[in-house]
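Note that the chains take the letters A, B, C and D in the order they are written out, and that residue 1 is the start of every chain.
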């Protein structure tokens, strides 16, 4: 009953097999091998157009370098107040960009509110050096609290970004979970709606270590190559990432594992809804479930072997949390089994 | 006959097996799993004392964060003119440290000359803000040109660093190759001779992606934890590195693969010495061989399937390179076979 | 009727005279001249203890270097949402510190609310690298909207900072205006209440260009010397700043000019209060007056020669601003005359 | 007999008078006043074309921001080994640019040797991320050792820079001294010979604090405006710099003071040539004189009231320096009198 995080899981057997299969032989280093090239081509197919792909070591690197790609002196990026770039990356986006600021924008349940964004970004006057100036907008899909931007919502936010002449970045650490939940295509969820650069995560969805920046603005590819190397994010044996992505995409495995994780989240949510001891905080849309539970009850669950963390109340959550209660987060993954979820359901039912 | 680089090889079967074995089950993320902890303990044993270990994604990251650990405003690190930190990292050490300078020091065949170091570092007066001030000394073991610092040479350089109140960093991207060549212990080659921080590389010696910073100055461990995270070098599924290192150290495999690579280099050097078409540029001490070859001859070898690069003439090389010749580098690894070397030997003999 | 900013004024005649008097002769550069030394001593006297003084070129430099003095990886400084460091310095504090974040804290009328600060800073857990960690608290005295922290309020905020092991910085671009308004001493308003580092501004109060960092934590003085030089803020002919400060402090001139500016602000506020066309937004405590005025009326005043800017509504202002009105800011200085104020009073009365 | 540095002098009376004259009245801040605008126009006239002018606080700021204007990831600037940017700015150029490297190029007597430059810059292959890539060339006119690039030499270096697609920066801390020595025009010595950006110094030539970046590539002006503000180099009361430059340019005063300084240097050199106790190290071309003197003799001169520093032996100096001798630097300025020089001449003659 490991619901603490989707990165507590190891690697999916198919990923392991792919990695093992690629281990032998010699190949050019630093992302130029035939396998690397084939995987870049695979990304083109998946996104239905030419894209520039840059493997990096971590999601934090993907996000930080994505924003740095569009960096400028006095630059300010706009992201949700509870976004990963603001809350969980130790200031890496600011560090990588030499100090470009992240400006928190509010919105209910992990999603930037378009009106807030417009009002916030609209306050800046790009010619007044004192204030700094807009540099990028960043959204997370799916969000930190398991919600999802609809395609039209992405389009709306992209339109605001464009109106203010800044690019739209998508933090897709859980890209696949959103994709299958929306039942759409990678192209539709990104560049067709105005996304300019994407952090494409494979790690949380069954890889060991497979993160990529997908850049739609090809003119910036050459610079990003230097940015990545300078940031110590260019793997020598790059094919070890390529091999993971090859297996990840093969026969739609990435969609299967994401679907499985989402299904497990829904199953968990149903168990919580049925429980007398817990209230579902809001409806999960991807692979994260949030519930309000009595602290004593949560402690019992944890004592019985369930791993999960309490979470701070997100902006826009208007449910009641009693003095003796807390909000808790449960994350499912490719490795979550229905048996585990059901066992948890029995515990919480009780 | 792939002698282009030791990172053209994939992963050693034992590393692959170790990684596969660790893929199942759930474990805490970000370096706190039981496996991570066990590997940290293994480092303590190998270095015969408590050390602080930080896994990172690349050798460039290990070097850059090592130097940044000792960063200060106006800081200047001293490294060999042809060192990796100066020549091959796209300015990452300067970038990570917010602009701390790398100052080139000369010395024959890849090794800092102690007199040059003393003279160079001695020019600075730490209280004069205009000039900046010494911050670290960095040596590479084994060097970029396949030579090795003797233990007494390390001690001499460490003494100079200490006299000027700066730490000594060792870039150990090919640490194991030097270790077995000197037939010494990790402790003797590092902290017992005055090394304060070490980039410990596993990737070139058979891992997929296993690099670590080994910090002997434990007081700085807390800061380095933040430095690493801020630099986007903290893996979520950190156990994928731990599993590699576990297999790497098991039954002395790392020493075996390093020994093999060095042996193959010696075999290759012998073949070159015997050849009428090539001159050994200097004696290899680790897993890199340098030879002066006619361009036309080199082209023939490449056409016959041998992969290797030409190299710029290092400081202190006083051999003759004719107009129609170039200096070439040959690198061996765990994956180099005696058959390959012999096949190359036959080609070059001819 | 120039109420646009206190830096629209030139230099006070005494400052000009002091500067002229120091122009002849030779003196050591870079802050070591006898005049520089004498002025440092003067700062010691004024602050009733030994302080380390660093002249810099701008208030932005003073603030940015002050915060950078306490910089650490993942560091976060807490400042009022409408503070100068956040709103008006083009990201300089983040840039100078290599990306350390500024976290906005709310509070009414330009002052950090202590409860908000405690709650905000208390959310961080210094050992969790992902979140970053507190690095400093910064307050502005007097604030951007002409209000003043009482001595006990400074003490309360300093206590919160200390409890969380971070220093307290004071942006004193308008230090003298607050000082005379509170009728207290520099020591009482700073280190005796827990301030660790101060941006001491002379420019807005009659100097040409006289800004200093006053550091109470002397252990950090050596590092700040390097930080300043590296930041290109060490003047060669440093005595041109020293000469200004010498004249500034002589016979309490700095207190006289500040008192004059505050008196003119009060006079202006009274005129506004008497006017049928304007409402005082809140009581001015230093040299800035804010009023709600009909846009058409403001345009008339401007057409008649009054210079002033509209201002965004600060947090905690609960007065009414009609559709046809705006909030406007009026700043007085050493150069503001009673005649000007009265002329404006007549215009607005009518 | 103050020959220690040209920044030991104060300000020229005409500069003081100009500054005093501009002290009264109100004017818009941050470089937008009528006086600022008039001075920008003056720069256009002086350079015989439209230029973008940015006042900054120090020569270090001018140099660092000039290079940062052309910054790129992995960027490397080429400057003479003994240039101010490398030796005397505490790493500010690297810091401002987020780590862009300065690469030392050798050449005799403070001037980059064109062949060395070509060979050094030619080693880089702009598409190989590991090596970094050329970003700028920087020359100093007049140099740190009082020599001057001829117009054709500037042109040659500019051509190399252009061939490698990088801009040419000129550090003109002593621009006027070189200008009058060459008897040429500002346009001829800069953009007409291929200079793209210039650090234009007034401080060493009689101002208190008047440094400007003169940018010939107008497309980059908007970015530099943000760079300057973010670097805390935008003065609020900018007219205090404008007033100095106004007086500086008036009736060719800047040329007069530079000519005077150069003449004094020549007079000093003649006195040294005549002396039995000192040897002129090389012929001075601007306002710096270098001589080899016995240490005991130098000590006597200093005891008699002469202020000057010893200097390290520059690259390309092939004169003899005995065991009991040192190389010493003597700098003249607008404030150096013929009497002083002659008094020194008598001392050294004797």
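As a working rule, contacts are C-beta pairs under 8 Å (C-beta built on N, C-alpha and C of every residue); 3 or more make two chains touch, one makes a residue touch a chain.
Note that the structure is a prediction, hence the values are computed from the model and not measured.
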{"item": "For subunit A and subunit B, chains touching each", "value": "C, D"}
{"item": "Farthest chain relative to subunit C (centres taken as mean CA coordinates)", "value": "B"}
{"item": "B-C or A-C, whichever has more C-beta pairs in contact", "value": "A-C"}
{"item": "Chain centre separation in whole Å, for subunit D relative to subunit C (CA means)", "value": "34"}
{"item": "Geometric centre distance via CA averages, subunit C-subunit A, whole Å", "value": "41"}
{"item": "Interchain centroid distance [CA atoms averaged], subunit B/subunit C, Å", "value": "51"}
{"item": "Multi-partner residues of subunit B (each touching 2 or more other chains)", "value": "73-74, 89-91, 95-96, 98-99, 129-130, 132, 226, 229-230, 234"}
{"item": "Touching residues (chain side subunit B, partner subunit A) in the complex", "value": "2, 4-5, 7-13, 15-16, 19-20, 22-29, 56-61, 64-65, 89-92, 95-96, 203-204, 208-209, 226, 229-237, 239-240, 307, 335"}
{"item": "Complex contact set, residues of subunit A against subunit C", "value": "73-76, 87-91, 94-102, 104, 123, 129-132, 312"}
{"item": "Residues of subunit B defined as touching subunit C within the complex", "value": "30, 72-74, 98-99, 129-130, 132-133, 223, 225-230, 234"}
